[in-house]
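Below are two complexes that have chain A in common, paired first with chain B and then with chain C.
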Partner chain A sequence: MLSVEQVSKRFGGVQALQDVTLVCRPGEIVGLIGPNGAGKSSLVNVVTGLIAPDGGQVRLGDRELAGRGPEFAAQSGVARTFQNLRLFKQLSVRQNVEVALTSGHRHRPDRVAGLTVDALLAQQGLSDLAEAPAGVLSYGHQRRLEIARALALGPEVMLLDEPAAGMNDQETEALALTIREIRDERSLGIIVIDHDLGFIMGLCDRITVMDMGRVVADGTPEAIRNDPVVIEIYLGTVH
Partner chain B sequence: MAPAQSPAAPMPADRSMPPLLRSILGGLVVAVPVVVIGVLILWLAPPYQVRIAFAGYVNLVIVVGLQIFMGNANIGNFGHSAFVGVGAYFVAILATPLAAKKLSIPNAPFGLSQVVLDPIVAAVVALGIVGVLALLTGFIISRLSGIAASIVTLSLLIISHGVFINYTDLFKGAQAFFGIPVVIGLPTAIAVAVAAIVVARVFRDSQDGVQLRASADDVLAARAFGVDVVKLRFKAWVLSALVCGAAGIMYAYFMGAVIARAFFFQQVFLTLAMLILGGMRTVSGAVVGCAILSIGLEAIRSLESGATIMGVKLPEMLGLSGLSLGAVIVLGMAFRPNGLMGRLELDELAAGWLRRLRRS
Partner chain C sequence: MDYAIQQIVNALAFGSEYALLALGLALVFSIMGLVNFAHGEIIAVAGYSVFFAVALGLQSVLGAVTIAIVMGIVTALVFERVAFRPVRYAPTTTGLLTAFGVSIVVQNMLTLFVSPKARAVPVLGPLNQTFFIGPYAVSSLQLLELAVTIVAIVALVLFLNRSLLGLAIRAAARDFSTVRLMGVKANRVIATGFALSGFLAGVVSVFILARRGSVEPDFGSAPVIKAFVACVLGGFGSLAGAAVGGMVLGFLDVAILVALPQKFGGLRDALTYFLVGVVLFWRPQGLLGRTVELGDKEV
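Showing the complex of A and B:
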């Protein structure tokens, strides 16, 4: 289980995260929403070790991750996708997945035992593109490859930072199916960030709402939909 | 899902073959022109041209060595000639007969003026010394990135040159160190070049090589997937230094003499230009760049001394080769930053063409 406790992070004058607490259990899909600049990506960066928090704890099982660097988080079983697509552009699609499959499992060989590059690519509909350089793929394919690469780590927890951005309705729907399939197949926790509320509400077991670095609401999609605080700060004028 | 686009032309690799074998065979395919050209030279060329060709093969080994670190880590390296020099000087120090040593380095420390090793043993020891220096310098360089790392490699070059020039008891200063046993010829150089190409290719295709190239594309993403960037840069640095050291050893054993200025800026820029021209992302790029520039520069050198073309006597054009070298670096960087070869090896390109041919 991933548990984030009281995490804070300040960038110059911006309090990107303030006492953020969140859990994600195996087999659970947690949505993370909030307006631009709310601190969602910063939270992902803290959990994946790319940013050391000013305070607070990030635990996976009984292992403390905060401030121990991205390699350690990856080796411990935390995988992610990037909002701004950070694939290995000059490597082939296949090699992008291979990198994660060969480097990210030093402490957990059992988690990747059954994984193969071909199966991961097939699951994301990328088999035909296996030998193409990642940099030439369409946005939708790149987002899919980000997911395949994250799964190749054999993660305990996977954080998807706006995986549906740039996708059309059909692609978004297919993506939701895939994410559920992944959750059912392996017992891993998934945290999904997105601005598409329909997508998040339909997909997630639980939703956490952030604003200005703080968690402002947390509950089932049903509860979040009707939470007056959420309606005010997140949905603004929508009734 | 949309089908593959043609610019991304799926490049087939025979996945039924074990990866190591595939890499070795790929490397050998790339080495074919290297062997063919070498055999033609041995067969047809007069001795003075064999000497020129030998220098070309030394450069080839250096460029391939340079590719191992620079191409996979994507960090500019200006210090590789330091390892070429160390390799060359240490076989000179260890393998030169006593009579010649008495003249060149009578005051060598550690009783080295009294020691003469068998050339093969000397080569192994020299390579060991290169390895130790690579371990020490690699410890620092692998922890740096971008410009900082490149500047450290540059200072390495300056330091090594300073030591060669000023530590006269051991390196004989700015003068040539003569009397090294001449124990190899062009065939050995060709064999070493082929071996270097295969080693570089196996590293490039290995898990370490792919992970290092991933970090060259996006270091943060690579780290977020558990890639130990420092360790991989370190490995590539040491391997690269060993190959460059081997080039230096070859040089000394063919020429019979070494001189410090041979391992300085001129060599660094020549080999860098070769790698940039061919493309540093592949071993094929190193080979192609070295071949084109070696042959091109020979042609240009004949122009430099005032050639006669179709009855027209051209004037002397001193400095033309230096100018061309600079032009290759500038134009290459500007118009083909990935070099002539781009991201695929020669055999990978050929396999792609074959498959498309078969399909149509």
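Showing the complex of A and C:
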């Protein structure tokens, strides 16, 4: 289980995160929403080890991740995808997955036992493209490759940063299906950040809302939909 | 005809040396964005190590080559650990100034503790012999330089394309933080890059020693300026660009020397750099350089 407790981070004069607490259990899909600048990306960067928080804890199981760097987080079982795809474009599709599969599991060999590049590519429908350079893939295939690469880490928790960005309704629906499949198959904890409220509401078991660096609401999609604070953030106060 | 062949061999030899030097710079730059002007001092330390070994009684060519290469690797790793790791995530200019600092400190130490003057190191002389293939006088050193450069480039390409650490290095060259998010240790990738560049510096040191037969404090720094130009010419950060840039620079050097009347020989460097300038005016990103891709908002 991933648990973020009382995490704070200040950049110069900006309080990017203030006492943020968030939990993601195995098999749970958590939505993380909030307006631009709410601190969602900062939180993802803290959990994945790219940013050391000023205070608070980030735990995965009994392992403390805060301030130990991205390699440690990855090897402990945290994987992520990016809003603007960050594949290794000059490497082949196969090599992209290979780098993650062979480097990412040092602390958790049990989680990648039986994982192979071929199986991961097949699962995402990329087998025929294995030898192509990742940079020439279509947008949809690149998104799928990012997911395959993240799964190659044998993660316990996976953070998807705006996975539906740039997708049409049909593609978004297919993506939601894939995310659920991954969750069911591996009992992963999944945190999804997105602006598409319809997508988030339909997909997630629980939603955490952030604003100005704080968590302002947390609950089921139904509860969030009717939360006055959330309505105010998203629709503005009616004067 | 004889003369032309002779000059082509010269150009290939010059070009090989520039290419090896430029590859060392490009490797480190592509991985961590550091323009390592202290690369010359890695070459110098390797050269001085051979000098000390000779002073202690070493006489074998193989021993000298081994010492130069091992010390090149060790020195590169020490520079990385002591000087460059603390400024790894600092702005590029900080790394550049650190490299100049290391360069100045090491050169001055060599001046103070050894000698400001050139010291003879004759041990590698046997590598540099002239023999005849038919009517052509050929230097064994020049052939060796060409052969070793080809082998080094092929080995490097194989390593970067086939081994997993090589893949990680190539991936890191474009996007370091994403590679770390895949669980690849930054220290390991960077240390490997430095070790490879130190290996190349050791090899270059052997060639310079064999040609000149002596070491002095600026033993490595002068050639590294040329290598830097080769990198810029080829496209900074591109390994293929570094090799091509080195070769082109070698040919430019020799062509200008041949074309210029004797009394203008001193203008060689000026003309070379002028032509490099013209090339960059035409292709500002270098011969094989790519325009930089813009990153996104994640760290």
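Everything that follows uses one rule, which is that the second predicted complex is superposed on the first by the 234 of 239 C-alpha atoms of A that agree within 3 Å, B and C clash if a C-alpha of one lies under 4 Å from a C-alpha of the other, contacts with A are read in each partner's own complex, and residues count from 1 in each chain.
Quick note on the criterion: a residue touches a chain if its C-beta (ideal position, glycine included) is under 8 Å from a C-beta of that chain, and two chains touch if they have at least 3 such contacts.
For clarity, every value in this text was computed on a predicted model and none was experimentally measured.
Student: Specify the outcome, clash or fit, for chain B and chain C once both structures are aligned onto chain A.
Tutor: After superposition on chain A, chain B vs chain C: clash.
Student: Just checking: does A:Ile51 make contact with chain B only, chain C only, both, or neither of them? Give me first, second, both or neither.
Tutor: The second partner, chain C, only.
Student: Of the partners chain B and chain C, which touch A:Val136 in the superposed model: first, second, both, neither?
Tutor: first
Student: Is A:Phe88 touching anything from chain B or chain C once the two structures are fitted on A? First, second, both or neither.
Tutor: both
Student: Once the shared chain is lined up, is A:Ser8 touching chain B (first), chain C (second), both, or neither of them?
Tutor: A:Ser8: touches no partner chain.
Student: After the superposition on A, what does A:Leu153 contact: first (chain B), second (chain C), both or neither?
Tutor: both
Student: Just checking: does A:Thr21 make contact with chain B only, chain C only, both, or neither of them? Give me first, second, both or neither.
Tutor: So A:Thr21 meets neither chain B nor chain C here.
Student: For A:Thr178 in the superposed arrangement: first (chain B), second (chain C), both or neither?
Tutor: A:Thr178 contacts neither chain B nor chain C.
Student: First (chain B), second (chain C), both or neither: which does A:Asp128 touch?
Tutor: Only chain B; A:Asp128 stays clear of chain C.
Student: Of the residues on chain A, which ones does chain B touch that chain C also touches?
Tutor: Overlap of chain B and chain C footprints on chain A: residues 48-50, 69-71, 73-75, 79-80, 82, 86, 88-91, 95, 98-100, 102-106, 149, 153.
Student: Quick check on the complex: what are the chain C residues that touch chain A?
Tutor: It is residues 164, 167-168, 170-171, 174-175, 177-186, 296-299 of chain C that touch chain A.
Student: Name, in rising order, each residue of chain A that touches chain C in their complex.
Tutor: Touching chain C: residues 41, 44-45, 48-51, 69-71, 73-75, 79-80, 82-84, 86, 88-91, 95, 98-100, 102-106, 149, 153, 161 of chain A.
Student: Give every residue of chain A touching chain B within the complex, in rising order.
Tutor: 48-50, 69-71, 73-75, 79-80, 82, 86-92, 95-96, 98-100, 102-106, 125-126, 128-133, 136-138, 141, 149, 153
Student: Looking at the complex, which residues from chain B come into contact with chain A?
Tutor: For chain B paired with chain A, touching residues are 1-5, 7-13, 207, 210-211, 213-214, 216-218, 220-228, 281, 343.
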